[in-house]
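Chains here go by letter, A, B, C and D, matching the order in which they are written, and residues are numbered from 1 within each.
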Amino acid sequence: MKFLSQLISGISLGSIYALIALGYTMVYGIAKMLNFAHGDVIMVGAFVVYTACVKGGMNPVLGVLLAIVFCTVLGVCIERLAYKPLRQAASLAVLITAIGVSYLLQNLALLIFKSDTKQFSSVVMIKPVTVAGLTVSGEIIATIIVSVVIMVALTLFVNKTKPGKAMRAVSEDKGAAQLMGINVNGIISLTFAIGSALAAIAGALMCSTYPALSPYTGAMPGIKAFVAAVFGGIGSIPGAMVGGVLLGVIENLSKGYISSQLSDAIVFAVLILVLLIKPTGIMGKKMTEKV
Amino acid sequence: MKVKQILALVLALVMCFALASCGEKKPTDTPSDTPDVTEDAPQGDVSFEKEGVIKLGGIGPITGDLAQYGVAVQLGAELAVAEINAAGGINGYEVAFKMEDDTGAADIAVNAYNALKDWGMQTLVGTVTSTPCVAVSAEAVNDNMLLLTPSGSSIDAISAGDTCFRVCFSDDNQGIVAADYIADKGLATKVGVIFNSSDSYSTGIKDNLVAEAAKKGLEIVATEAFTNDNATDFSAQLNNVKDAGAELVFLSMYYTPASLLLKQAKDMGYAPIFFGPDGMDGILGMENFDTSLAEGLRYLTPFLENATDDATVKFVESFKAKYPDRASYLNQFAADAYDAIYALKAAYELADVTPETSVSDAGNLLKDALTKVSVDGVTGTAMVWSADGEPQKQPRVAIINNGVVEAA
Amino acid sequence: MSLLEIKDLGIVFGGLHAVEGFNLTLEKGELYGLIGPNGAGKTTVFNLLTGVYKPTSGEFYLDGVKMNGKKPVEISKAGIARTFQNIRLFGKLSVLDNVKIGLHNQMKYGTLTGLLRLPKYFSTERRMNEKAIELLSVFELDGDADTLASNLPYGKQRKLEIARAMATAPKLLLLDEPAAGMNPNETNELMQTIRLIRDKFDLTILLIEHDMSLVSGICENITVLNFGTELAKGPTAEVLRDPEVIKAYLGN
Amino acid sequence: MAKKINSPLEKKSAGLRPVTKKNLVTLGIVTVFYVLFQTLSSLGVLKNAYQSLLVPICYSVIMAVSLNLVVGVLGELSIGHAGFMCVGAYCGAFFSVVTKNSFEIGWLRFLIAMIIGAVAAAIAGFLIGIPVLRLKGDYLAIVTLAFGEIIKSVVNVLYIGRDDAGFHIAMDSAKVGLQEGGVMILNGPQGITGTPRNSNFTVGFILVMLTLIIVTNLMDSRTGRAVMSLRDNRIAAESIGVNVTKYKLTAFVISAAIAGVAGVLYAHNLNALTANTNNFGYNMSIMILVYVVLGGLGSIRGSVIAAALLYSLPEIFRGVGQYRMLLYAIVLIVMMIVNNGAFFVQYKEKLKHRIRGGRKEAA
């Protein structure tokens, strides 16, 4: 009983990680960069929803849509202004720029929204479900459903549609893709647009489940989701889902049964073990170097 | 080489810009995200009896994830300073208050301290959080500067020397008072504790609570921890304390994680008595807070927003008037800082310290004066300080009833 | 005793027999060619001989010592050196340093000696420099000693790779398409150099090459690989006239 | 044809080699910086704010140079470097606090603390390096991050006290079980309080110089070349007999030991030592990485300059108040784009050509 309830809350936390990790892994897979600002785009998304719905009294669905539009535009702008000039540079240079963007977003939000934590009002209208004495909140149900839907949709998009195939081509070999007539810059922008739209959804759902919103709300989940994405095999869409959920479950079970003080250490220890056994993550592709 | 030259050039330009903007600022200007109220502060209108400015420095997190506590302190202190200046200053001198950011980190706090020394700080009101306070108090003692921290509550925060004082309760004081209160009022016999193990404030209170509980015959059935990196999901901890049969859960933490925890407890359908330390104050002030979550929450606090004593009424009114859109910062942090400034005013007046008094002399005079004054503040009436820097005041227990804080 | 003896060497990649039943015996001082169409498994043979891949069947001996299953480092120490088809230099290091790294196991001193600049550091470094310059001058690269390896023109990069391999004082040198990308003049020059180093350093050389003029110019004997198996073997001129070989190269 | 007289070897034996010259210039810059600020400070004209930056700049520089050994020289991305600093800081501070009253000679105690910090961090580096260095790229990076976080978490639940019966170690403050009169030395998240203030600018300067000498000597030695060969081409390095694990581990351990020393310097500069995200967690690790990347991978001088400037920037920006960190973020982004952006790189190349062309014409 206790186990089940720990498990469910683990899955709920994990599905938030998964949702964020999907955006991470998407951008990594195509642009081959760790977008450290992803967590902060989530925070921006949540603030847009908060401003629209709580302050402006907008319908939650419209609020989330507005956030998606806002974050998409923001994501594309960030990509164009900060990352595109560095396309030819070493990947570490882009990583550092992403860190700069992350600081920028946090501090802009700090100036605009101030430092105090706001309580977020849930955008989810699903009623909690009680089965055999276990209550599962509407937010958890919504998060899990949305994560799965997004995962499936992304997988289909990448495998079946023309822009999706172009994305895969860019991910394999930018130069070759260019020669095949693919607009590489356009595809990368599209990737950022999708990643940022996902971030907006993740922001709304995360803050509905854990309703504390401040300019630093996105930072830690961002790092955790990055860990989750690597855990699952970075670049792999189902991997992000699996990695996120596993991370949440391991975290909660170690809090519940081993030590709540050391749960971070335990999560990271498990991560190390997994990577030592499978060096490219649970669902990652094996990298071979041609000699 | 070229790359580095350009790098150096850019940096040099930036520095020029920074230094230039430094020069443009008036010394009394405050560096944080306060509204422009300091601009219409009375410097221009009110003339002071004497030439010279008494410079009080403040240090606390203005950016970073603890910023809300630092900003509350800043607003409270600035309010008091504005009031004092409007009433003719201290000993006839204008008072200036300057807050520097430490992001909650000890090393940055020391940098901030030195920056304030360059500005000419005579007395330090800070730091806001405990760990930086330990580091800065060592510096202050070195300079024999008086340090009065509004909210640095750990034992070590003011143990560096006899020029260190605080306004808030100490951690062991709170832990002990809480345990005594629970035992004496018969609130519960089985107590669970949830605390932030990466935070010295939370851990300090928890340690003292657990120790005192043993003496009082309370049974601590579970102690569950979380960390700063892991402060979103508390369901595992809640499940554990629930399983252990806790009738009362002591939340040794600040109000931000508590607000999440309370929501998750409600979602789980778990409703023990929740009890917290003074860091809980401010939870109702959170923007858009669903007050039903905190219904029945008890916490120790020196400050009750809707207390009816004159001091509190005046403080609350003028805070709301001065910062109309910043009501969420009206809490014990702001109140402690407000009292800190008035306590200093009393000490300055008793010792007759002027802007010309050297830092070290001021330190000597003020540390004696502070043990002699009695301050009626918003966090306690007739507050007095002992030579070890601890305030003599009893924590009050507050309870949230129908979305309003009341004395319990 | 033969210098190199390969018996039934083979490797399977996920069901594909990349190399199968490869046999070869090289005598000391021999200059042997390995040819075949693209994808025939030539480079795979090199990778097997240098320990990059572990063979799934067969074995090979260097000077009578069993080598298969050993790690690249051990094989290098035992005396097999190689160059790479897609040049693998240490691009951000100078030409001189590239060769000095080749001397890694020839002239040694400890990390601490290097950190503390003990006398042994200076004496060994001096010997390293002398030896490296000597090797570079064989390939007429001594003038480029301070150039970054990645800034060298293509032909010189290939030569530097050979010089670096030579620095490990090998008994057997494996050259993977040394003349790729070179013009006929350069190829000719390279031929001279290969012969020169064979004689001067008492080497045995096994080389992969597509340039038939080079192969027929310097290799006494050759093996032709096709689809991972040996198609023909013997004196160069004879093998190149073999209709099977011609068919494999030109298709039907 | 006669042999060229100016063979590179002879040229080398004649004067200083370019590598040596470059390193000496770096050491010279640091010395000038030290002499300048030490003079200003002893004359009393240096602002307190800048004075208090001197030691932090020293440990930032040391951290940046030591991380550059892993990221720039060995070519492996590490984002857990602050973890080693943490190990060094805690071990060093622990020793100093324990022996504060029994050890008379302050500088000797500090020296021993340094050695303890370095050795402890080196051991941590070794233990972590064995599994970590089997991985590649971002996976390696995430595991270093994980180790850094584990170190931080463990330090935060460790309670060590001392009484007449000796040391007591526990994972819970209630279980330390000190007798009357016992003292907590390491108190969980409250860390170690009361570390003697032994760090000063001169010590910091000496350590920076030592770090620079160690790292540059290493790079210009057999070991360093082997390490760099792994960075440039692992497969080729293996093929000429460079032991991958040994040299990766060597670089990693040396880097960790240096970070440990930086930690000891840090710990003895503050009265309060605690481990949180900003000083020993990933935020710090990432900050150091920023110094390294901005200074240029593998460029030791670049690391020194970038660390010194970037550490000081937020302090210099105190004048702009609430826009401080915002400005810092913008400067960071702009500098990255200017240094690495395609447009600017091309522009710089053009500029270089023009200057060279001009020179040639003039000559």
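To be clear about the criterion, a residue touches a chain if its C-beta (ideal position, glycine included) is under 8 Å from a C-beta of that chain, and two chains touch if they have at least 3 such contacts.
All values derive from a computational prediction rather than experimental measurement.
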Greatest separation from subunit A - chain, by CA centre: C
C-D or B-D - the one linked by more C-beta pairs in contact: B-D
Distance from subunit C to subunit B - Cα centre to Cα centre, in angstrom: 72
Centroid spacing, where centroids are CA-atom means, of subunit B and subunit D in whole angstrom: 34
Distance between the centres, which are taken as Cα means, of subunit D and subunit C, whole angstrom: 41
Rounded Å distance between subunit A and subunit D, as computed from the means of their C-alpha atoms: 32
Multi-chain contact sites of subunit D, meaning residues that touch two or more partners: 149, 153, 156-157, 235, 294, 322, 325, 339
Contacts with 2+ other chains: residues of subunit C: 52, 84
Sequence positions of subunit A contacting 2 or more other chains: 107, 110-111, 223, 259, 261, 264, 291
Residues on subunit A engaged by subunit B in the complex (per definition of touch): 2, 5-6, 9-10, 12-13, 50, 54, 107, 110-111, 114-121, 128, 135, 137, 210-212, 214, 216, 219-221, 223, 248, 251-253, 255-256, 259-261, 263-264
Complex contacts: residues of subunit D adjacent to subunit A: 71, 77, 131, 134-136, 138-139, 142-143, 145-147, 149-150, 153-154, 156-157, 171, 235, 282, 286, 289-290, 293-294, 297, 322-323, 325-326, 328-330, 332-333, 336-337, 339-345
Residue ranges of subunit D touching subunit B (in the complex, touch as defined): 47-49, 51-53, 56, 149, 153, 156-157, 172-174, 188-191, 193, 197, 266, 269-274, 276-279, 281, 294-296, 299, 301-302, 305-306, 309, 313-322, 324-325, 327, 331, 334-335, 338-339, 348, 351-352
Complex contacts: residues of subunit D adjacent to subunit C: 4, 7-9, 12, 18, 214, 217-218, 220-226, 228-229, 231-233, 235-244, 250, 298
Of all residues in subunit A, those that touch subunit D in their complex: 28, 34, 36, 82, 85-90, 92-93, 95-97, 99-101, 103-104, 106-108, 110-111, 223, 226-227, 230, 234, 259, 261-262, 264-265, 268-269, 271-272, 275-276, 279-281, 287, 289, 291
